[in-house]
Amino acid sequence: MTEMTVEQIEHFLDEVFPQRMGRIESVGEMSATMRLTIGNEHLRPGPRVSGPTMMGFADVAMYVAILAQIGPEPMAVTSDLNCHFLRAASGDHDIIAHAKLLKLGRRLAVGEVQVVSAADETKPVILVTASYVLPVKS
Amino acid sequence: MTEMTVEQIEHFLDEVFPQRMGRIESVGEMSATMRLTIGNEHLRPGPRVSGPTMMGFADVAMYVAILAQIGPEPMAVTSDLNCHFLRAASGDHDIIAHAKLLKLGRRLAVGEVQVVSAADETKPVILVTASYVLPVKS
Amino acid sequence: MTEMTVEQIEHFLDEVFPQRMGRIESVGEMSATMRLTIGNEHLRPGPRVSGPTMMGFADVAMYVAILAQIGPEPMAVTSDLNCHFLRAASGDHDIIAHAKLLKLGRRLAVGEVQVVSAADETKPVILVTASYVLPVKS
Amino acid sequence: MTEMTVEQIEHFLDEVFPQRMGRIESVGEMSATMRLTIGNEHLRPGPRVSGPTMMGFADVAMYVAILAQIGPEPMAVTSDLNCHFLRAASGDHDIIAHAKLLKLGRRLAVGEVQVVSAADETKPVILVTASYVLPVKS
């Protein structure tokens, strides 16, 4: 069971993170899937998707997975993010982020995100692990 | 001694990485400093500088430090990047990246980047360590 | 299909890494599972398993997964390792490492390792992602 | 100014972390230096110092830097640790860890540790960044 639906999360993000990348495809138990259609601002020559685009996209997918579990929390912020770049992602295809939370404590959430290209969804283009700090509720 | 001057690196990047963030302030022995003036696209509400902006900026500062040492190499790519977010960076001030290479091998370069806010340059806002893969020369 | 069996890898490691931790339970396509029975040298007060024990154990599990794919290679070395500590692991139980390779190139292998406690195998105690550098064959 | 002297920290660690590696050389403002004399249990063939030895040593150096700032706190635990392996460290020489805290908040401490070999203290053998979670005081 999740605390927020896809639609509720999108509305919430429109308020607190309007510049975000991508759209939510689904949320589930401790997980979320998002898709990003690549625009010029996301490109490096090739064209391929730029590293910062993919890291930022993975970051928001983690945030969405957390929101789905804990409800609308604007003060949850990234504490650390580790990214391994595995393969180039063609700029001609969408990228899809699969976020999975491995721990959701009172103060810290930790998860991993695999991003794939729509060109071949079996081969991750980046592997991210990240921690989010959650504010303490009074 | 460096292989490229600031001007030469800027020209090279205009060809291979035109969408990059920031401008180079200086390059030195195994090091580089860059500055980014914050625009709307870099913001989160607050306003503060977004995490992906800071990670991407640190990434290009590492690349510039590498170029300064090895000359124009378009095929050097980020292999992994680790980012700790230390403090919020106000969206009203420039951010400055100080990149330092700790290892420059034939195949792999590893360095760290500290990013500070022009509001208080004594307190890093993020700490990044990253590896770059260098193509083997024939 | 793997290049080496569990028995072959154990023999090879007896030569090149005799101080290693744990024993191999199985190897598969781009994966390996290992088990470690906790001894005094692995403990912190509690008793719980020490962080360095878990990081080192994850590291060797990655190496085993790589060996299973590429054959006996003593010169494959860890390039970077990132570890998130999720939960304490009781010193009274074995720990089990599940290593999965996400990329196996000519020069670089990248994978992730989830370590669980035999006390509750559903909850990872650490999440590791790591890169290994593979020597180029002549 | 530090909250604990080297001698006080060593005594405290004898209680809460008796299996630790190394000895403290000095502590300073947001920093600590430690030295480890290499024994058989730390070796890989070569002989060189094993990766887990170096990661564990960096981890305790971070903890010592934190203790020096906040006083005896047995419940400060590593949250994440990222390690880049730069060079082999000869098993015939001591290794020295230089830990520096970049942030010391109420709940989280973040720092970096450079480990060098006594054979050549100018060339780091590993670069570590890590976060520690600090328990909230009532």
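The first chain written gets the first letter, and so on, giving A, B, C and D; residue counts start at 1 in each chain.
The working rule: contacts are C-beta pairs under 8 Å (C-beta built on N, C-alpha and C of every residue); 3 or more make two chains touch, one makes a residue touch a chain.
Because the structure is a prediction, the values reported are computed rather than measured.
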{"item": "Which of A-C and A-D has more C-beta pairs touching across its chains", "value": "A-C"}
{"item": "Longest centre-to-centre distance from subunit B, chain (CA-based)", "value": "C"}
{"item": "Approximate Å spacing (C-alpha centroids) for the pair subunit A, subunit B", "value": "23"}
{"item": "Distance from the mean Cα position of subunit C to that of subunit A, given in whole angstrom", "value": "27"}
{"item": "Centre-to-centre distance between subunit D and subunit A (centres being mean Cα positions), rounded to whole Å", "value": "33"}
{"item": "Multi-chain contact residues (two or more partners), subunit D", "value": "79-80, 82, 84, 131"}
{"item": "Footprint of subunit A on subunit B - complex, ascending", "value": "16-17, 19, 40-41, 43-45, 50-53, 55-56, 59, 74, 77-85"}
{"item": "Contacting residues of subunit C [partner subunit A, same complex]", "value": "82, 84, 86-87, 102-103, 110, 112, 114, 124, 127, 129, 131"}
{"item": "List of subunit A residues in touch with subunit D within their complex", "value": "79-80, 82, 107-108, 131, 133, 136"}
